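You will see two complexes here that share subunit A, one where it goes with subunit B and one where it goes with subunit C.
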Partner chain A sequence: MKKLINAPENVVTDALTGLAAAHPDLAVDVAGKVVARASGPTPGKVGLVSGGGSGHEPLHVGFVGYGMLDAACPGEIFTSPVPDQMVRAARAVHGGAGVLYVVKNYTGDVLNFQLAAELLEDEDIEVATVVVDDDVAVEDSTYTAGRRGTGATVFVEKIAGALAEERAPLAAVAAVAREVNERSRSFGIALTPCVTPATGRPGFELGPQEVELGIGIHGEPGRRRGPLASAGELVQIALDAIHQDMPLSGDLLVMVNGMGGTPLIELYLVYAEVKRYLDKLGARITRNLVGNYITSLEMQGCSITVCRLTDDLARLWDAPVQTPALRWGR
Partner chain B sequence: MKKLINAPENVVTDALTGLAAAHPDLAVDVAGKVVARASGPTPGKVGLVSGGGSGHEPLHVGFVGYGMLDAACPGEIFTSPVPDQMVRAARAVHGGAGVLYVVKNYTGDVLNFQLAAELLEDEDIEVATVVVDDDVAVEDSTYTAGRRGTGATVFVEKIAGALAEERAPLAAVAAVAREVNERSRSFGIALTPCVTPATGRPGFELGPQEVELGIGIHGEPGRRRGPLASAGELVQIALDAIHQDMPLSGDLLVMVNGMGGTPLIELYLVYAEVKRYLDKLGARITRNLVGNYITSLEMQGCSITVCRLTDDLARLWDAPVQTPALRWGR
Partner chain C sequence: MDKTFFREWITEIARLVDARREELTRLDTAIGDGDHGTNLARGFGAALEALRSADPPTPGEVLVTVGRTLISTVGGASGPLYGTAFRRAGKALGDALEVDLAGLHEALRAGLAGVQQLGGAVEGDKTMVDAFAPAVAALGEAVVAGKAMGDALAAAAQAAEQGSAATVPLRARKGRASYLGERSIGHQDPGSVSTALVFAALHRVGAR
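Take a look at the complex of A and B:
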């Protein structure tokens, strides 16, 4: 295992120490593993909290800040955070308008966020939960009942975060988060596996001319293995799967996301193929993101996420955001 | 070779097609390989032009935009662009106040930018050139007479770009670019090699427990090979080398840069070690960047760049910037 780390058991806390040092806008409880805005709770604003296993950075810790999350709870690598983190995060960001938990659909995360919500029932904090399950690759997976939550999480956090900044009530913020999830689909492709620090071994093996089609963000198996093909052919497989599940038309928000070990030049090349495919359908990409936003350590490959925009969702996407990993227009 | 590409010979143009589609703020001449601001030349402003081999994205194409470059000339992967690109870029951005070429110190780049400047002598475009050579690892290298230009290029482009936006004259913009270069030092470490599309083979080999200390951004050899050590020990080797060359004190701008295939969580962990080292020296990191800014395709590893700030350089660093890869505060 070749990694820039000190000891496998300290990777997350060591990285949080660095995150805290690099971003004074963040209040980082390193030992307790909660990352919140340093400005504290925003009175009258719904507090957005997300979390999940580490190893997918910048998700979620890099999305804490104005216009997006109020707090994130990072678990150990590829391991759900515990309810205690989620409870403390909710308390830390509650500004009197309740808290929205944004949860990727993995059994451990869903269960722990549910427990946290129950623990908060005795307190005066209203909690709503939205589960993201956008990955069309498989119906059930290694760590999931139902579809996995992947790239749409970035869209949900951005758009619900923008509505929360407008002081919309909890029910409306939860509703827009669900709407984004329902209008979004993802599909991922891996060229190489990744190695978790705890095991020191690749999570799976791929032959030198083999790719995993429909890969999960922890290296869970996808639909099938296929031969390494051109970017154009791989994009077609991914978008065919999405289009079959949710016909693609109208104005689209598209993310071409690197899995962590993919050169940016390849992601732009993939984006060109995505545009070519959608142009043929007559669909129009009106917003895009190209880069590393929800990763799987050093895995090579990419995922494509598409959201069918409405005018209101586009407006919220365009709203100012100021986080370590996503920032514009303020 | 496992890459998300169509054909090795089209990687750069295919990626530029994607870049153009993703960023309407950029005017991308795909066939001619020049990326400029879509807004055209800014009257009365010095035009900043940089360029170099592709494969280091987001450098340079991702740094074209308000507050940074006016144009970038990408060559083929790890191959200098040609003088014709540089000439066309200069013409495209000249707003009457001259053009500054920001050149990384590699023999091909230096020669071609020099030829371009000579070709422009007959035209009414004043050209100044700044060569960046911040890498302390080696004195001469595979593609270099003198030190290599690496991470400081990002600082030079940001800070000179900010001064150019203030409508400073060419001599002043060139002077601040040289000042940043003189006050900056870098050192890189590779855990794995990278594969260029043209060759399909790793540029060098490293054993499973071996790292290259002082790696160049094309995989050129560094000072020596060493055993894989903890992040703390590797950071100490890098910063010892920098500190020996330029004593580190006062206010610092620090970049922890991923080589393309390194998970972000490791970069934050490295940043924590950098801060620990500098704290002991009594030096103070007042500005930072953690992420992938000057890469070597999918190479794993990182580089550390330090600039000794002055108040004026800090002010220019903080100035608004709006490019695909770096944006804040506007």
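Take a look at the complex of A and C:
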């Protein structure tokens, strides 16, 4: 393993130190591991807080800023943050209108946010929680901890963030977050595993002619291992799975997301295949993102996330946003 | 058993977890995130620090302090689950200065109930409960049978070890390993292994 690090145990804090230096718009509590807007809590606005394991950059710290998150709590690499961080974040962003926790459906994330919400009950800070679970690759979710939260998290944070910026009440912001989650589906594919700095070894083995179909954001599998195929065939597997679960029609928001180790040329190539597939169905991509938004360190591969838009969701998607990783209209 | 006994128990857990950190992480790499050993070692290390600086006056306070520290430092699923186990067990002990075997059993039963309430796992789901539940049951039987402390704790440790070994052929239904479906079969659950270490540590300290 070769990585640009000083020491495995300091990777997260060293990275936060750099984030703080690069983005004066952010207030970074390096020791407490909370990243918030430097402008402080916005009076009368619902505070949006998310968090999860580090190693998925720009998620979540890269989405803190106007029009999106008020704060993010990065955990250790691939490990959920602890309740103290989430409580500190809620306090830091509470502008009197309550706080929305956006939680990806992973057992650790769900449990820690649940404990944090319990702790905040005594502090007169109203907290609502939305659990994102968009990953169709988890087939028999009645026998598991449910579907995982993956790419739709970006959509939920952006759209709920826009509504919060309009000073909508907590119940409405939580409702739109749930609506986005319900209208979104994802599927991920890995070409290679990644190496966490603490272990220095790949998280799983994958042969040179194999792909893992239906990965989550740590590369954990969801469906099966298959032979390496053309981008068009792999896109078809992913979109067939999504289309079977949620028929794709009308106006769509599509994200082709790189897992960290795949260059943009391949992601655009994949996007062309996605468009070809959806054109055949008669569905229209009216909004899109192509790039690295929710990664797994240096893993090669991509995930595809689709959201069936309404006019209102499209309007909120278009609203101005100013964060390190997403920025338009302002 | 007084507060010193409980501190020694936590010290022994920290030592065992640290010694077997690599093994726990390797087991977790097979079916999880590959961080179980690292995270638990960090948590129990922090728990020892907390005990050194706070010096809680009762067995109950020792365990509550450990539980709180684990929740604040471990992260993942094992932070809240282990933290809740120790916190609930500590609360069940109240402010007694001395705890007998029956009291310890009651406390561990409360800890197990907390874990199951939070995580929603039952025996057979391939989680820490598969080691925790049989250990508590074995301890309960030993109390009823009037066994000596060393024998009772040996029975609990052995039941945890066997329960953990029995997770190998199971299919995971909770936590990250559940996403592997059939592919989780054939791997030992890392949470059950660390739970077996908690009971092994209890036995070692009790046999001194």
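Basically, the second predicted complex is superposed on the first by the 324 of 330 C-alpha atoms of A that agree within 3 Å, B and C clash if a C-alpha of one lies under 4 Å from a C-alpha of the other, contacts with A are read in each partner's own complex, and residues count from 1 in each chain.
Note that a residue touches a chain if its C-beta (ideal position, glycine included) is under 8 Å from a C-beta of that chain, and two chains touch if they have at least 3 such contacts.
Being a predicted model, the structure only gives us computed values, none of them experimental.
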item: Subunit B versus subunit C as contact partner of A:275, first or second or both or neither; value: first
item: First (subunit B), second (subunit C), both or neither touched by A:83; value: second
item: First (subunit B), second (subunit C), both or neither touched by A:201; value: second
item: Which of subunit B and subunit C A:2 touches, first, second, both or neither; value: first
item: Subunit B versus subunit C, judged by how many residues of subunit A each one touches; value: B
item: Touching partner for A:105 - first (subunit B), second (subunit C), both, neither; value: neither
item: Touching partner for A:181 - first (subunit B), second (subunit C), both, neither; value: neither
item: Partner chain(s) touched by A:17 [first = subunit B, second = subunit C, both, neither]; value: first
item: Shared contact residues on subunit A - subunit B and subunit C; value: 77
item: Interfacial residue positions of subunit B with respect to subunit A in the complex; value: 2-7, 11-12, 14-19, 21-22, 54-55, 57-58, 62, 77, 191-192, 208, 211, 228, 230-232, 234, 260-273, 275, 285, 288, 290, 292, 295, 297-298, 300-302, 322, 327-330
item: Residues of subunit C that touch subunit A when the two form their complex; value: 25, 29, 33-35, 38-39, 71-81, 118-119, 171-176, 178-181, 183
item: List of subunit A residues in touch with subunit C within their complex; value: 53, 75-84, 106-108, 111-112, 114-115, 138-140, 143-145, 148, 196, 198-199, 201, 203-204, 216, 218, 220-222
